[in-house]
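Listed after this line are the structures, all set down as structure tokens.
Two complexes are shown next, each including chain A; its partner changes from chain B in the first to chain C in the second.
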Partner chain A sequence: MLSIIVCIKQVPDTQKALFDPKTGIIGRNCADNIMNPDDLHAIEMALSIKDMYGAKITTITMGPPQAVDVLNEAYALGVDNCVLISDPRFAGSDSLITSKVLSRAITRLGPFDIIITGCEAIDGNTAHVGFQLSEFLTIPLLTQIHNFQINSGHAIIERLYGHEYQKIQVRLPLLLAISKNTNRVRIPRLYELKTCTDRKIHMMTMDDIGGSDQEYGTAGSPTVVVDTEIFSHKREREVFAGDCSEKADMLIHKLKKHNILKY
Partner chain B sequence: MDLSLTKSQLMIQKNMRKFATEVLDEWANVLDRESKPLPDEIVNEMGRLNIWGIQAPVEHGGAGLDTVSYAIVIEELSRVSGSIGLGVTVHNSVCLAPLLKFGTPEQIERYAPDLASGRKIGGFTVTEPQAGSDAASIQTTAVLDGDHYVLNGQKAFVTNGGIGDLFLTAASVDLKKKIRGIAIFIVEKSMNGFEVGKIEDMMGMRGNMVSELFFNNVSVPKGNVLGTPEEGFKISMQTLDIGRIGIAAQALGIGTAAYEAAAAYAMKRTQFDRPIGTFQAISFMLADMKTHLDASRLLIYRAADLKDRGLPYSTESAMCKLYASTTAMQVCLKALQIFGGYGYVKDLPVERFFRDAKITEIYEGTSEVMKIIIGNEIIKEFSRF
Partner chain C sequence: MARVDNKFKDYKDVWVFTEIQDHERVLEGALELLTKGREIADTLKVKLYAVVFALEAEQYLSVIERHAPDAIFYCSDKALKHYDSQIFPELYTRLIQKYKPSIVLFPSTEAGADLAPRLAQRFSTGLTSHCTDLSILDSHEHGRGILVMKRPAYSGNAIATVICPRTRPQMATVQQGVFEKKETTGRKTEIRNIPFEFDLSKLRISSLEAPVRWDKPKVPLEQASIVVAGGRGLETKRNFDRLYELSEILGGEVGATRVPVFNNWCGEERMIGQTGKTIHPRLYLAFGVSGQIQHTASVVDSEIIVSINTNKSAPITELSDYVITEDAGTFLLCLIEHLKREKRT
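And now, the complex of A and B:
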């Protein structure tokens, strides 16, 4: 039976979160915590593979104890096992160290065939973890998946490639990074919603994963977020005066000035 | 005392809202305008989600939820479509629930899995053209003939009547005995002599195929009597206690939808250079709507909680139904007023909410019958002194 591991993350609901422009930090206490939207689609991908070929799905997340909520949600959707990696010594880890922790935890969970992650998280938006994880685990990574099948130990994958579809045959194990356009996430059954909070969550700490304090958390992280700003764009209206030819010249001049027209 | 919902109940609320918004919403207006039922694929998907067996035990194919969770599901479905909420609540609380409560192991084994999965849709029918609030005056008869009862008569305003496969049907085994002569029969659509009459052309709830049912010498096996033949009226009354929580939750869902639409519109609609919601006349209306809806919700949760704890809840069930249905009607009236002319046209759903809300004051016991139940309890309590 296929073994699938889905990496998920609990994030503040950035649609409701209040961003403090002075500190550059999202006020997490003001927002509901939710499962990262792309990760829901990663779980759906795993469930659809399970529906087609049979599989055991393990969902794994690294975060504070309240991250158990997204694992409950994963159980409700139909995964088989859930693992929470939680240790204060991991606090402040950047994407590289998060990937290192995840890769070490995954290795300790035993052999796997497919790892699935979301493409990016809505809190950090780095889209690093899928790529870094595939490097740590030395397995191929595929993105922009359109269609997925398995045939004799190989995955046959159709993926978006610019304006075309690319069909690729890859040996397992592999890693898929899934975005929210890939599929439609199923609604859990009421029975699963009722019982998901009673299911067992397997806990892991640094002691289970190995390594030293210095490798993890802020100390081990090579990147630091130095500044965050609210992204905004302003639309300005300008009316050109003159006849058609003069207006066209003014427009071309303007477009060249802003590097939109180069020649 | 903790009035907050559990983690599971919050997840149920979130996911049912998602299902209602993503899947059912596009059908709400279609069902209303064309007066037709949900397509089979949606009914089947609702079966997969356990919506046809919300409280039925897992071994019979249900979700085994508590009654507060049940009310949450009905509220969320009804926020999008009163008609869909109606079909679900009647099927669950006045067909499947009494079957599970009063049925024999054989009856449960035979009928519950199909009902809980939505492979069969159920209804419950007491009302007749001449017997509404006065349920004891029903004229449908059941005459014992060997190992069968032969049913003759007519039922009116049967929810799910046009699409249902199985109906718990009240009929009198002895008209002279009045209340004590009423028995409840499990009647299948496929039985000879069973006939669906006119589908009612209603003001609201037009997506539910409410109909007449005719029984012309319908031969029902003795084994299809629910409980004993003498228990029929008691079963009916206890069934309606359960059903009223569902109808209250339905009224709450319709009212909440109207309130939220009105509040959003009031902050968007500008007159005299400011959003109309900032005028005190409108904000007071919204304040009343929100307060009464929250009070309805708490009354519903209390009745549901009493039921789950095995305590008497008949009066509380009547109170939550009375209050939630009155509130739904008043909230829809105010919402329509806030929308002004736009509320009166069919382009927006407010007029549908308004039409759907009215019936919640009438069916599953009128508001006046609710007051009789509550009043009788008060008389009983205070005549002791």
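And now, the complex of A and C:
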């Protein structure tokens, strides 16, 4: 049976997040934490492969203890196993170190035929982890997939690459990075939602994946954030008065004044 | 500090991944990066290298030369016609090992976004993506000539300043349109051919059918002098579609924030922002755009910004020249009507 691992992440809901207007920093506590949207599609990809070929799906996430919520959600959707990789020594890891932690955990949990990630997380928007997992694990990464089939140890994939549609063949194991365009996410059954929190979450720490303190977290991360400044490009802010129609006339008048409207 | 300086003394120059677009032209963003790279190299008193891998790469050399690198490394082979995530990183890795650049810059394109994180992993070094500014800093703590990279952060209202002090090379990907390109003359550029050496039998991905060309619809948002953009506040696709009518009247282009793209009101090629396009039109009209930084950082260079939003304290109002507190959909309809009437008289 195929063995699939899906890497997911808990992120603050940036669409709903509240900002402190003074510091400009997102209030992590006031924003809902959700599963990263692309990762839902990654789980859906795993489930559809399971539906077609049969598979055992393990979902892993790295994060603080409350990240267990997204693993419960993954259980509700139908995955078979969940692993939380959590250790204060990982705090402050940048994308390279996150990829290192995930790749080491995957190697411990393995072997796997298919590893699936979302393309990018909505909180950091780096989209590094898929590519760096591909490098750490030395297996190919495929993106922009339109069609996926498995035939005797090979994946037959149709994908968009640059400006070409390609039909390609890749020997397993491989890595897929999935975005929202790939599929439509299923809705979990009520019974699964009710019981998902009773399922066992397997825990891993640095002691399980190996390595030393110095390799992880802030100490191991090559990038250093030295400053975060409030973004300010304030302008005049002339507020138009009147009703809708008067405001439209006012705008047209201004555009003429700036020589943008020429009639 | 002495230790830091000493450790990196072999790492000197500035490199730019000079990407070829659609195997027919040098990517605009690469020329912009060369211009910025020139400035950085001059500050550091080091050399600027353009690195070009392409099919018949020779044809691009003269354009690249005009953007003032001290040297061009080029490699030409039919296997390099398209970016390949197996071949390009391998060739790059060898070059970096041999010549040890201190800074490597990439445009934030599909190819750049694949190549850069792979190389960062191979050299266990840092990468900062989607940068909106680059500069050089001498620091007591981190040493001299450090690359300072700025990028939007916290998906809210902040810009993070990131450095990569302990490892080399320092790497960044940069949005197209952030810097301006500039041609110069009179610089002597050294041109060096890198022989293509790659064992193609190592490739793990094999093609089953001849690929079919698929052209992304090209939306010249970056060049448009008027951009009318819609966001979540337009609420429906029907409202969003009216933007096309307005843009036609004004002679502009339609852009979008993340929400319309997510809701499939329009394609990704219209997205303005951190993972989309950076624009600098004369007029930017924002309908129902709240002003998340991933979006606003990419429009701040617009000459005139007008925002139409029900929420008068939405972040977008801060950077607007003109603020219209109305329902975006209603005002859009009203404005179209008035413009049509205007045109008739």
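As a convention for this text, the second predicted complex is superposed on the first by the 214 of 263 C-alpha atoms of A that agree within 3 Å, B and C clash if a C-alpha of one lies under 4 Å from a C-alpha of the other, contacts with A are read in each partner's own complex, and residues count from 1 in each chain.
Quick note on the criterion: contacts are C-beta pairs under 8 Å (C-beta built on N, C-alpha and C of every residue); 3 or more make two chains touch, one makes a residue touch a chain.
Everything quoted here is computed from the prediction, not taken from an experiment.
A.B. asks: Let me test your reading of the model: by the given contact rule, A:52 touches which partner, first (chain B), second (chain C), both or neither?
C.D. replies: Neither: A:52 stays clear of chain B and chain C.
A.B. asks: Look at the residues of chain A and decide whether chain B or chain C touches more of them.
C.D. replies: Higher number of touched chain A residues: C.
A.B. asks: In the overlay, answer first, second, both or neither for which of chain B and chain C A:73 touches.
C.D. replies: The first partner, chain B, only.
A.B. asks: Can A:167 be said to touch chain B (first), chain C (second), both, or neither?
C.D. replies: So A:167 only meets chain C here.
A.B. asks: Looking at the overlay, what does A:141 touch: chain B (first), chain C (second), both, or neither?
C.D. replies: A:141 sits against chain C, while chain B stays out of touch.
A.B. asks: Which partner chains sit in contact with A:91 here, chain B, chain C, both or neither? Use first/second/both/neither.
C.D. replies: After superposition on chain A, A:91 lies in contact with neither partner.
A.B. asks: Given the touch rule stated above, what does A:188 touch, chain B (first), chain C (second), both, or neither?
C.D. replies: After superposing on A, A:188 lies in contact with chain B but is clear of chain C.
A.B. asks: Which holds for A:197: it touches chain B only (first), chain C only (second), both, or neither?
C.D. replies: First partner only.
A.B. asks: Can you check the complex and tell me which residues of chain A touch chain C?
C.D. replies: Touching chain C from chain A are residues 12, 14-15, 17, 19, 21, 24-26, 94-96, 99, 120, 122-123, 125-128, 131-132, 134-136, 140-142, 156, 160-171, 180, 221-240, 244-245, 247-249, 251-252, 254-255, 258, 260-261, 263.
A.B. asks: Give the list of chain B residues in touch with chain A in this complex.
C.D. replies: Touching chain A: residues 6-8, 11-12, 15, 18-19, 22-23, 48-51, 54, 58, 62-65, 69, 73 of chain B.
A.B. asks: In their shared complex, at which residues does chain C touch chain A?
C.D. replies: Residue list for chain C touching chain A: 22, 82-83, 85-86, 89, 110-111, 113-114, 117-118, 120-122, 124-130, 148, 152-167, 204-209, 211-216, 226, 250, 259, 262, 274-275, 282-283, 292-294, 296-297, 300, 303-306, 312, 317-326, 330-331, 334-335, 337-339, 342-343.
A.B. asks: Which positions of chain A touch chain B when the two form their complex?
C.D. replies: Answer in residue numbers: 69, 72-73, 76, 187-191, 193-197.
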